[in-house]
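Below, chain A partners chain B and then partners chain C, in two separate complexes.
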Partner chain A sequence: MSTTAKDQILTFVRERYPQAEIDASQDIFALGFVNSLFAMELVMFVEKTFGITIPNEELRIDNFRTADTMASLVARLSADLAVA
Partner chain B sequence: MTLTDPAPATRTADRVTDRTSARAFVDTHVVPYADVYDRAGRVPEDLLQRVAEAGLWAPFLPPGSGGAGMDLVTLGEVHEEVGRGCSSLRSLLTVHTMVSWTVQRWGTPAQRERWTTLLGSGQVLGAFCLSEPGAGSDTSGITTTAAESGGGWVLNGVKTWTTGGQRADLFLVFARTAASIGAFLVPREAPGVRVRPIHDMLGTRASMLAEISFDDVVLGPDALLGPSGFTAGMVLTGTLDLGRYSVAAGSLGILQACLEASSGYAARRRVGGSALRELPLIQAKLSDMVTDARAARLLVAEAGRLKDAGESATLMATWVAKYFASTAAVRHAAEAVQIHGANGCSPDYPVARLYRDAKVMEIIEGSNEIQRITIAGQAEREKTT
Partner chain C sequence: MSVIGVIGAGVMGVGVAQNLASTGHDVVLVDKDEKTLAAALATIERNSRMSRLMGGPALDADEILSRITTAVGAAGAAKAEIVIENVTENWDVKREVYETLDAECGPDTVFVVNTSAIPITKVAAVTGRPDKVVGVHFMNPVPAKPVVELIPGFHTSPETVERTKDLLHAMGKKAVHVKDSCGFISNRVLMLTVNEAAFLVHEGVADAASVDEVFRGCFGHPMGPLETADLIGVDTILYSVEVLYEHYADSKYRPCPLLKQMTDAGLHGRKSGRGFYTYDSN
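Let's turn to the complex of A and B:
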């Protein structure tokens, strides 16, 4: 699940910033590409693609810095969904 | 004509559920009086009440929260119809929509419990406080501060160009915290909140603009909407996106009103023994209005469809729709005045008001210059994909 999520997230980010070479562990905020518009797009993409709603307490920048951390967030919230 | 809609007070307002019912509501309760509102500089309370009775304030909220679960494509159609009748009323709907959606989307369960039903029913009207005397949509220029104190917050600063500020009961205020930016829900009656009406603007003159001052306003911890920092950026971006969508729809409404006014006038007015509409140069103006109205309608609908689907592409689609619709509204409002000649410059025809209102659409919810920069950035990415 998380590998697939990571790949899908990376593909989304790379499509939006094709000039950048981004891997799963790179901090996309530190690269300087991310503005508020893209941050919102990213949240919407993750919610739509993985069928989850990200609660306010999980909307922390550290959860969105890398494809790895975003995939972990998806896995965590998906597990919560499965339990519920 | 008086400011009061003379329709019988006992009449039960029909609920607005779609474009057709919105059009009927607007034609009955808004169109005949929009110029009167414009001159009076306010929308009367009885119309605000009728809007509430029609379920128009926040129909997208869930049925259990004072709404009707309306999809956003339909909401766009409704806001287009309201914008066709009166941009000032549509402006009030826009900011109320922004506040209501924000509470529903980002609020805690307690915040939703406290506010959404009141917002959905129109018992509480919301307004959006971002701009300051020294800063527009640029959050880096925000000087209003929210300092943590005693487990809550103390708010200080001045917000301006607050649509509906003269009448609103609840302000959504963006302020600088120690860490970043936060979004705060501030009741109008909170001690230290002062409202100074702003009059005689170029357009949307009845939208009851105000400058709102916050002088040591003490707020509880539950005033903060979502965590500050990263989430505040989400709140602001999401809220402005929905406002932009409403303004795009409202701009389209202005364009449609220009088309309807111009078409009617060109059919009635005779020049040299024939109707004005027989002149090729007039036909050219009308054909461009028809074409741009249809194009704008498609762009707004596409942005709404993407919102309903939860697609992130809605953000850019909304920028494009608002840019196109607002510039088209300005262009065609100018032509509508031209078609009407001297009559178009008089208060006896609606096109002068439409012309003034249209210009405002190019400035609010992100100026068109900012929009073009953002859209151009998208072009660059699409080129290299």
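Let's turn to the complex of A and C:
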């Protein structure tokens, strides 16, 4: 589950920034050409793709820096969903 | 409790309403139809949620929305103490809105014109209160931009300027004073830059990503001119360049045909999901 989430997220990011080489541990906001508006697009993409609502306290830039951190956020929130 | 009228619930109206509500003001947000207003409230809710992520303060979306009521038609702002107008950058559209506002609002209501290029004196002349009309060129996204241009028209009174400065101060804005002229400081320069950048793409000299990379990488700008065009709205860029072209009657402001085609094709930038780049909107 979390591998697929990671792949889907990476595909989305790579499609937007085809000129850059981006792997799962790359901090995309450290690339120099990704601005904070893209963070908002990431939130919307993640919520729509994985059917989750990210709680306000998780809407921190650190959760969206890399495909890895986004995938673990998705895994964490999906686990919460399964428990609830 | 006094209320601030915000006319036009597009890119700018949404930002102005959110900024006002988050600084404790009651707002009536006005547009032409219910559908636009519903979409505007959804955008305000989303942007409030994202505020901290974007480097702003943490905001309570429910509290912000509780301060905003909506109305269809400019007459909905009749009771406002100050009206901030952000309708489409088109003279006929703005003129009609000011005629309605002038007829409906009380004699002391101040009209704040948020325009990219239209001279404030020209707007004031449509009303019977040219002393109470003043220009404020807000920057986009409004809640994230601490500086605005403040433009008194020919007849604007010092009291009107003071009342406007007080409101701007309460909204967390610093005002740079500019004399009334078409395009002020910012858009005399920025619109020509964006227009010329569009010509580069139109002529096939470079693609949009390369144009923007030069501005970011070589000049250290946080965003290139074409990303900026997508943020502002490609249609709004075209209308602003057209306003400059007509006003100065100077061919240096001739709008790039690509901007016209993109506007006709609905490629309006971020707000429509596609402009010079494609976005995952909604």
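Basically, the second predicted complex is superposed on the first by the 84 of 84 C-alpha atoms of A that agree within 3 Å, B and C clash if a C-alpha of one lies under 4 Å from a C-alpha of the other, contacts with A are read in each partner's own complex, and residues count from 1 in each chain.
To be clear about the criterion, a residue touches a chain if its C-beta (ideal position, glycine included) is under 8 Å from a C-beta of that chain, and two chains touch if they have at least 3 such contacts.
Because the structure is a prediction, the values reported are computed rather than measured.
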Exercise for the section: Please work out whether A:F33 is in contact with chain B alone, chain C alone, both, or neither, and reply first, second, both or neither. Expected result: second
Exercise for the section: Could you say whether A:E47 touches chain B, chain C, both of them, or neither, answering first, second, both or neither? Expected result: first
Exercise for the section: Have a look at where A:Q19 lands relative to chain B and chain C in the superposition and call it first, second, both or neither. Expected result: both
Problem - Which of chain B and chain C A:I61 touches, first, second, both or neither - result: both
Exercise for the section: Determine where on chain A the residues touched by chain B overlap those touched by chain C, and list them. Expected result: 16, 19, 36-37, 39-41, 43-45, 56, 59-61, 64
Problem - Footprint of chain A on chain B - complex, ascending - result: 106, 108, 226-227, 229-231, 233-234, 236-238, 241, 309-316, 374, 381, 384-385
Exercise for the section: Can you check the complex and tell me which residues of chain C touch chain A? Expected result: 46, 49-50, 52-55, 58, 209, 212-213, 216-217, 222-223, 227, 231, 270, 277, 279-282
Completion exercise
In the complex, chain A touches chain C at residues 12, 16, 19, 32-33, 35-37, 39-41, 43-45, 56, 59-61, 64
Practice task
Over in the complex, which chain A residues touch chain B? Could you list them?
Solution key: 15-19, 36-37, 39-45, 47-48, 56-57, 59-61, 64
